[in-house]
Structures are given as C-alpha cells and as structure tokens.
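Two complexes follow with subunit A in common, the first pairing it with subunit B and the second with subunit C.
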Partner chain A sequence: MASASVLEFAPHAASQASLWRHLRGSLKGSEYTWAIAFIVPYVAVFVTFVVYPACYGLWMGSSPALYTSLFADPIYQDTAVNTLLFLGIAVNLKMFCALLMSGFFMRRGWWVKVLLMIYVLPWAVPALPTFISIHWMLNGDWGLINNIFYHVFQEDGPSWLNGRWLALGSAIYSHIWKWMPFWTVILLAGRMAIPQDLYDAAKVDGASGWRQFVHINFPLLANLYLICTLLSTIFTLGDFNSIYFVTGGGPANMTHVLATLGIRDAFELAQPRLGVAAVMSALPLMIPLVIILMRKLRTAEVQL
Partner chain B sequence: MSATVLSRVSIPAHAAGQAGRTARRRRYMTEAVAVGFGMLMVVWTILPLYNMVMVSLESHSDVFTDAVWPPHPSVASFWIVVTEGYWYLEYFWHQFGNSLYVGAAVTFLTLLIGTLASFSIGRMRIRYGWLVSNAALLTYVIPASFLAIPFYRIMQTYGLSNNLWSVIAAEVTFATPYGIFIFSQYGRSIPIELDESARIDGATPIQIYFRIYLPMMAPALVAVGTYALLLAWNEYLYQFLLLSSKRSMTVPVALAQFLNSDEAPWNYMMATAIVYALPPLAIYYAFRGRMTAGLTMGGVKG
Partner chain C sequence: MSNLSRRSVLRGSFGLAAGGALARPYIANAAAKTATVWWVQGFAQEEDAAFKKVVADYEKASGNTIEYSIIPYAPERQKIVSAVTSGEVPDLFQANPSEIVALYAWQGKLVDVTDVVETQKSLYTETALLSSQCYNGVTKHRSFYGVPYVGAVFTNHIWKPLVEKAGFRIEDVPKTWDAYYDFFKGVQKNLRKQGMRNVYALGFQVTTNGVDPNNTFHYFLIAYGGQDIVTKDGQLHVDDPKVRAAVVKALTYPTTAYKEGFVPPGAINWNDADDNNAFHSKQTIMDLDGTISTEVAIIKDKEDYDSIVTMGLPLSNEGKPIPSQLTAANCLIPEGAKNVAVAKDFLKYFIQPQVNNEYLKGGLGRNTPIMPSIVKNDPWWFADPHRKSYTNQAVLGPTVPTYWSFNPAYAQVQTEHVWSAAWMDVMTHGMSPEAAADKAFKRIEEIFAKYPIVQS
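Right after this comes the complex of A and B.
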C-alpha cells in the first residue's frame, strides 16, 4: 500500500523537480532568485511600455471601417505616395552617398581628420534646432538660400516650401543632411575593419582603384550595407521630425508621411483611432523588414 | 662600349623620371580634387548651422532682409534667452532644468535596468534569457513614433500625463534595448571564469555584479550612458505629446512653441536653439571615440 502511494507520487514529484532543475539550469536556488530579480525590471518595462501600448494600438486600429474611410481620404493617398518616395529616395541616396563619403574619409592626412570632425556636426547637433533653422533658411522671401540666390543671380529664387514636390524635396534634403554623417561613420568603421593586407596584395597584383572596390570593398561591405539600408528604412519610416519641422506637412497637407499624418489625425483632428490606422497601414511594409532585420542583427557581431 | 651602356642606362632613367613626374602630377591633381570636394562638403554641412548662428546674431528687423551676413552682429538675443526676457522664455532655466532632470534619470535607469538584464542573461545564463534579448531587439527595430498614440492614451489612464516621469518612462523604454544589445556584446569579451572563481569563493550574485561586472563594463557604460543622455535630451515627439504646461515642459517643446506665434521672433528662437544644442555637442565631442566604438560594436541606431 505504502509502496503503491510512493509509486503514484514519484513521477509527479520527479517531473516537478526536473522542471525546477530545467528552469534554474546550473544556478543554485538563491542565485536563481537573484537572476530572476535582475531581469524583472526590464521585463516589466517591456510589458508595460511596449507590449501593452502595442496591443492597445492594435485594438484601437482593429475596426475595418476605419480603413475604408482612411483609404478614401485624398490626404491619405498623397501621404502614402509621399512615404514611398521619401523612403525610396532618402534612404538610397543617403546610403549611397554615405558609402562614397566613407571611402573619401579613408584618405590619409590631418586635414581629412579635421574635415571628419566638421562633417559629423549635423549628427551631433540635436535634430530640432537644425530642422527649424532649415525651415527658415528655405523661406521663400527672407531665407538664406534665396538671399544667396538673389545676390548671385539678381533674381528671386523659388519658394521652396510652397509647392508639393519642392517641399517634399526639401524634407528629403533635410533628412539626408541630418543622417548621412551617422551612416558614413558606420560604413567607415566597416571599411577600417578590412585588413590592409588585402589592399596591399591587390596593389601587388596591379588592381586599379575600381577593381579594388569591386573585388575587395564591395563583397566585404555588402552585408553591412544591406543591414544599414534595412535599418535606415525602418528609422526613416518612423522619422517624424524632418517632415514636421521643415514642411509641417504643408502646403495644404500635401507633404505628410505616415508618421506625421498619424500624429495629425490623432491630435489635431482628435481622431486617435484614425491616426493609429494610418500608422498601422505601414505594417505590411514593416513586418517583413523587422523579421529580416531581427535575423540579420542577431548574428551581426560576426560580420560587423 | 661605354657609350652604349650609358645610353642604355640613361634612357630608362630618363623615362622613369618622366613617369615619376606624371605620377606626382596626377597625385597633386587628385589631392586638389579631394581638397575641392572637401570644401564643398564643408559648405553643405555648415550651411544650416551658419544660418542658425547668423539669425541669432541679427536684430529682429535685420532678420527680414536679404542679408547673408548679420549687418549689425550682436549677442542681444542670447542675453534675452539667458535672462528669460521674452514671454516665450519666461521659464527657460526651469525648462532647462527639466531637460537635465529627464536626461539624468533616463541615463541612470537605462544603465541600471540594462546592466541588470544583461547580467542575468549573459553572465548568469538564465534559462529563456534569449527571449528577453529578442524582445529588446524587437523594440530596437520598431520606430518609436509608431507607438506614440497608444502610449499617450496609456499615460493618461495611468494619470501620468503632463508629468516628467511619463517622458522618462518612454525614453527608458527606447534606450534600454540598445543598452542590452551593447552590454551583451561587450560582456562576451570579459572571461566568465572571473565570475566562476568568485562564485567558488562564495560571492553572491549581487557582489559579482558590483565588484566584477560593473567595473569591467566601464567602457560600455560610457557608450550607452552617452547614448541615453543624448537621446533623452534630443528627443522631441514624446516630450511634445506628454508635456503641456509651461512649467513641466522641456527645452525642445518650449522651442517648438515659438512656431505657434504669427511672426516668430526668429533671432530669439535661434539663440535658444544654440543654447539648447551646445551641451549635447560638448558631450558628443567629449565621448566621440566611445560612442563610435559602441555603434560599431554591433548596434546601429540614430
């Protein structure tokens, strides 16, 4: 009888003990408690301020009726086009110029180092003051650009922020101006990590600068360049400041992107659900990007 | 005989001299092109910053002229900012203090929460720690502005709207993932044997954390701390949405308020912008080496 009860109890106790052992791994009991205590603050932050808002947002934007009214809105249609243009032009132009600039900064000489210090200024200065400055600089009547234009050509320059395409171009310019130095520094570090031997060997073999780029720089930088481009696409998708402060979405709401349109709908029109829906309409683009990036970044330390 | 030798020698030597000269000339040419390109780049970089400085040195009437150089440069606008002599600036130093407070709190909490989590994941190897690092990575690649609307609503239900702590919470949320990323990458370079021998000597995890882990992580702490401080100081959207009263505002929100007036006092605004931009600029150049090292350790984020 007694033995039977032991037999009955043993598997249950054993499974509980093994689960416990499985969970704590090689840690002693008190150490496991500490490990849990150490990780709880971050888990709490993640659940309270990421998971909960994200689920709340999904719930707010879950009604299909929202999307029919959203897609019928001509401002939204313009915004979708602007967002795609902004992403396609700003990201690629910025990354390509950053790649070229990082090659330039591989040059030797003290003046190149001084130049690099100046070149990173846009990244080092907070975004807001410089975007406000650009907004005034591009003012059609009294801005610096048109003043220079007037002094050089004795003619009035275009009003940069009063037409859709020039205004969108101005916002793209501001975004590139602000973020190109950052990506240049990243790609420069990538180039510096390429062993000098490779270049020396290529020189011995008589490879020209172009062939060096094709056979050494490009294959070794390709993965980094890809990661940077994907990451930059996501960050650019979320870029609120360069549109909000340079064009303000104007003229006549023609230069919004999804990030600014969401805020406008939610706070200026007091329709938070519509704002969430505008942001959520970027999910079909964002989810694949996030998945690819998560895979790439998890193994990034090997390549970088 | 000797003549032929001479001619044989002299011809290649002459040709070599010419080749050397053309090579040198080409080098000068490329150098000149590089210098010219560099100058163009300086103009491109400086232009908006020059505009900021120029307008801040002008008087209100000079702002609305076609000048490309301040006609009567003066630091009067800076004096107005420093003495809070304009009604948009009446709480300037209070707001500056708010920004400092937010920056300090975000830096401290990011370092604390980030190091504790990475210690638990990377050093104590807690089971399912990879789930937490993936959660951090996911947060890192989600644009913060996309969560702004629900975040605002939630802060209202928590009763934290118009409270600096709601901003601190938001910015810790978006700075900590980068911290965890950098800490776990950097932590791999510290031998785990250090922890193990301390364990055998009877050290508790909290002793290992304070005596071994934190001192060894100092470079990563500087990199992430600088990152968090600059993020908190520079961020605009969340501060704008969450802070509404003049006394709870931070400097960037107050700065953007200027744009609401019909004829913005651009010279005061640019002077405020410069005062606001100087601290992060100084911090950036002071910790530039560490920050760049942190960025290239594997994390990349604006």
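Right after this comes the complex of A and C.
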C-alpha cells in the first residue's frame, strides 16, 4: 500500500516541486522571505481597497430583480440616454478641440507660453468650487450670465438649468471647460515627441501645413489620440462632479448620468443596492472599453 | 538582516495576533461606558454649542462618555445609509431624513426605544408620539423606534417692507388659503410696475430635491381637505373622492402660480436651502418653509430680522383652522449598536424637559419643543415675535403627524418625490392636474403594495 502510494504520488510531487521552483524563480533562502515581506503590504492594500470593494459591489448589485426595477424606472431610461449623450458629445468635442489647441500651443513665442499657463488654469483649480460657481452663474434669475445678457440686450436670458437639454448642455460645456486643458497638454507632449526632421523634410518637399498634418501629425498621433479618447471615455463615465454640482441632476431628475443616479438611488432613496445596480449597469460599456484600451496600449509601444 | 527567516516572520505574525487577541477584552471593557453618536451640524453655530453642552453635562452627571461626531446634513445621511447597510453602526444617530425611522423600523433595523419614551410619555404631544411609533415589518407590530426630541412645522415668512412698498399693509393679508397666497401675486404686480424686475410673489419649493417639496405639497393637500390620504391604521385612501379632489387642487395651485410667473423659474431645480437664499435676497416676497431658520439665519442683522413677519397658516377656503403637519425629529438606535444601554441612558437624560428646553433655546428656538409644558413654563418662547408666532402654531396649535408614521410605504413615496414628479408633469410636460394625480396614485399604490401592514 505504502509503495503503491509513493509510486502514485511521485509524479505529482515532482510537478509540485517544479512549480515551486518556478514561483521562486532565482530567489534563494532569505531573499525569498524578503520578497514575500515586500509584496504582502501591496497585496493586502490591493485586496482591501480594490478586490474587496469590487466584489462587495458586485455582490450588492447581483440580484436580477434590481435591474428589472431599474430598467422600468423612467428616470433610469432618461439617465441612460443622458450618459450616452454626455460621453458622445463631451468626450469627442473635448478631444477634437484639445487636438486643435495642442497644435496652436506648438507655436513659438513667449506669449504662447503665457497663454498656455492661463489656458490650463481651469484644470488646475479645484473642481467643486468652480462647478458650484458655474451653477450660480447659470442661474436664470440672478446669475452673472443672464445679468450680462440683460444689460447688453435688455432681454431676459434663457433659463439655463430649468430645461433638460439646456441644463445637460451646460453640464457638458462645464466638463469640456474643466478637462480640455489636461488633454491638450497630453497631446501637446505627443506632438513635441515627433522629430523635427520629419517636418523639415516635408517642407523641403513643399508640403503645406495641412499636408504636414495629414501625413505626419495624424498618423503619428492617431494611436495616442485614440488611447486618450478611450481613457477620457472611462473617466467621463465616472464623472460625478460636472453633473451633480452644475445641474444637480435636475430639473425633475432629467439630467442625471449613471454616476449621479447611483448616488441618488443609494442615499436619497436609501436603496444602496439599487444605487450599485445603476452604476453596475455601465459595465457592459466599460469592460469593452478597458479591453480595447489594453490592446491599444500594447500596439502603442511600437509607435511614436 | 540575515536573522530574518520565514520562521521568524511567522513567529512575529503569531505574536502580533496573540497580542491583539489579549488586548481585545480591555478595549471592549473600556467601550462599555461609551456611546458613539452621529449628530447633524446645526443651522446656526449655537445649535452645535447647545448639543456639546448637553453632552458635557451628561458626561459629568453620569460618568459615561459620548463620542460624538457633528456632521453636515448630506454627508451624515450618506454615513447612515452606509452604516446600516454594512452593519458597522454607531450607537445613536438622528433620523436623517426624518422618514428613515419608518423605513428602518419596517426592515427591523432599529432598537425598540419604548422604555426611553415612557420616561416622558405623558408630556409629549399626541402628534409627537404618533410620529415615533412605527410599524416593524419583521415582528409585525407597531412600537416606538425613535425618541422624539424636537418638532418642526411649515410657516409663512413675509417681507413686510416689500408688501408696504407695493402699497399694501400686512393687515390686508386675507385669512383664507387661496386668497392668502393670491394676495402676494398682487404685491408682485405692483412691485414689478415700480421696476423691480426679479421679484416673485411666492417661494414655493416646486422641485424634486430635498424634504421641502414634500412638505409644501402636504400643506396644500391638508388645506384642501385631503388629510386622510393615509389614516392611522396605515391604509391608503386615494380612492376617496374627497382625497382625490384635494390632490388635484394641491397639484393645481402651486403649478399654476409657477406657470403664471409668480414663483421664481429656478424653483423647479431648487435645493432645500435655495428658497431661503431667494427669500434673503428679496427675490421672493414670501416663503412657505419649515422652522424659523429663515429668520434665525439673519438674527444679527437686526433691521432685516425685524422686517420679516412670521405668520402661521391661514384658514381653509371654508374658513376652518388647518392643522400643521409636524415633523418630529427622532433619535434612533440601530440594531447592532454596541452600547445600547449608554445610548438609551443618554436619551433619557436628553429628553428631560429642562435639558431639552435648554438645548432648543441654545439653538435660538429654530425648532420647537414637542412637550407643551416646556413653552407654558418658559416665557422665553414668547419673547420674540417670530418665536411667538411659531410656538403658537407648532406647539399650541393643531398638528397632525407625517404620513410615513402610519405606513412606511409613504416614506418611499417621499424619498421618490412622487408628488414633485406630478408637479413636474403639470409644469413642464403639459399634463393636466387630474392626469398627473392619476399617474401619482398608480405609483403610490405600487409602493404601498410592497408594505403590507397586518392590523392588530
């Protein structure tokens, strides 16, 4: 029995030893202990602050009944449309304008540097006070914008925050105003990495500015632009501040996006599971984005 | 460095674990006399100071410790939801918003505090007691799950100088409901003629945010005779023609005033404080709002403070007194609290009339007592014209409890802002008040179906 057992388990034991050696790599003795000691805090933090909350969230939003009641809610239906509009318009407009602005800031001259410094201010200042200020400025009755409007045209301006589309548009504008400088700087860095020789050679060949953009900038920046757009889409999907502090999700809950609806459902309705489900419903959009982003990041290693 | 081995790491880990285990009994023992309390930050600094004094006096008298956190309204609400969901709860917190006492009692997540309420039961108003007696969906019976400690009602705040500037006197304000609020439309028209472009008659909270729109709707509902939409037995009566007629009227008056330009256009997106802001900036001539925080907020500006008139509710259109719907603020002890005994002991101390009175006076009388004997024995409550009017209305006048006390379903009706959504249907979606009422009834019936109350 004993010998049979040894024969039976010997290959298994050998493969275990091989696996053990593979895991240890070239580490020996106390080196291995130190490696474990160094990795334990990271693993502990990762498990505590990433794995556990993610699993807890998945567990909280795991009941199909939650999604039945969520999808039947007219506020959720509006919210889903708002989220898609917010992503589609805000991200693309912001990235395209950032691309144009990065070209402008490539110009030489001290005044361009000064302008760039002023231009990045919206991104540098804290988000909450600025969004609250925008909310006040947009007040249709006594806000700064409509007061100026009245003084110039002797007419009352529109009620920016009292209708769905104007309010959503105001939130999209605020988001672009806040985040366009950041992406401009990123794309500016990308442009600066393009060797000057290419432009010099193009000039020798008589290429105009437009042709230089089409044949040099566009192909070399394409991957960076795409990666930035994907990243921005992921960030914007989680953007709570632009909506919450500019429109408050109103009027009549007509301008919520998934990030703000989740908070409303969780804390204002005191239904945290429903709130988690609202946020989780973005996963079918979020997961493909992350996968595409990862693939593009691999591709980008060989470009630029 | 060479001394560190796998064994030494393991030894150290076991040592730490053993040390932690041995230390636990001491920590637990130390916590036995300590209660953790989450308290909402006051509207005025004086309120926080008043609470701190209550705590200091209690600690001195009892030897127990109250570890309190004073937290702004919205974050406290989020902390409560998170705590109750996760089970990591403090020993005591306020019902924030008020209706969570009904929701959490229904879910069996609150400790029965009947023994605390019993200590002062004879002194409380009936409305206050009803506001704290909620139905437990697990045990299937009604009991005290909150300890009421202050009350609040909606009252009228009026800028006297604006009324006079329009050529009227405060004495001209009519006594019956519709005529009362119509009066301010005339004030607005006259002020507009004098070039005041952005002045509006009425500061009605016709929004879908916060607690104010729910209360505003209920005051109109009760004024129009719809008081019995939910009765003490927890039953819903939306099929009662009298209730339906009142609901339609309550959906009609504020929305018509809004559409006709007598309520600021931004009111459909206001938060709870925005009507106060609009009133303070004299954008609205009058405001129907809870507590006298509107006045207390500017108490240091004597000229403005004295320019406001605080006025109780007008009579119904038929000339009968209208009861004020009183929201009693409750203290709650969640299930899972580690120091229930200390929390209860603190509450028994806190609701003693003299302690409760000093706490409320420290808060400048923004909220009122819910024990009439307190105001009857202390002339302070009548020494100021705002306080006097408010005390007469909220403590000595007729009051009714909130509907969620009768059935927790109504708490969900409020958190979902079903009535505000009906207002929106009328104001922005062109729906008739009748159609909006029917749509709201359908939703309310769906919600009530989820909260079956067994009659005892």
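By definition in this document, the second predicted complex is superposed on the first by the 276 of 304 C-alpha atoms of A that agree within 3 Å, B and C clash if a C-alpha of one lies under 4 Å from a C-alpha of the other, contacts with A are read in each partner's own complex, and residues count from 1 in each chain.
Please note the rule applied: contacts are C-beta pairs under 8 Å (C-beta built on N, C-alpha and C of every residue); 3 or more make two chains touch, one makes a residue touch a chain.
The structure presented is a predicted model; accordingly, all values stated were derived computationally and were not measured.
In the superposed model, A:Leu161 makes contact with subunit C only, not with subunit B.
Of the two partner chains placed by superposition, only subunit C is touched by A:Gly140; subunit B is not. The larger set of touched subunit A residues comes from B, when the choice is between subunit B and subunit C. In the superposed model, A:Ile39 lies in contact with subunit B only, and not with subunit C. Within the superposed three-chain model, A:Pro64 lies out of touch with both subunit B and subunit C [touch as defined at top]. In the superposition on chain A, A:Pro251 contacts subunit C only, with no contact to subunit B. Within the superposed three-chain model, A:Gly206 lies out of touch with both subunit B and subunit C [touch as defined at top].
Once the two complexes are laid over each other on the shared chain, residue contacts for A:Ala270 go to subunit C alone; subunit B is not touched. On subunit A, the patch touched by subunit B and the patch touched by subunit C overlap at residues 30, 32, 34, 36, 141-142, 266-267, 272. Residues 1-2, 4-6, 9, 77-78, 81-82, 85, 100, 103, 198, 207-209, 264-266, 268-269, 271, 281, 283, 412, 415-416, 420-421, 424, 428 of subunit C touch subunit A in their complex. Residue ranges of subunit A in contact with subunit B, taken from their complex: 22-27, 30-32, 34-36, 38-39, 41-43, 45-46, 48-50, 52-54, 56-57, 60, 101, 104, 107, 111-112, 115, 117-130, 132-134, 136-137, 141-142, 144, 147-148, 150-151, 177, 179, 181-182, 185-186, 189-190, 193, 227-228, 231, 234-235, 237-241, 245, 259, 262-263, 266-267, 272, 275-276, 279, 282, 286, 289-290, 293-294, 297-298, 300-301, 304.
Those residues of subunit B that touch subunit A in the complex are listed here as 34-35, 37-38, 41-42, 44-52, 54-55, 63-68, 112-114, 116-117, 119-121, 124-127, 129, 132, 134-154, 169-170, 172-173, 176, 180, 185, 188, 204-206, 209, 233-234, 236-237, 241, 252, 255-256, 259, 266, 269-270, 273-274, 276-277, 280-281, 284-285, 288, 292, 295-298, 300-302. The touching residues of subunit A, when paired with subunit C in their complex, are 30, 32-34, 36-37, 139-142, 159, 161-163, 167, 247-248, 250-253, 266-270, 272.
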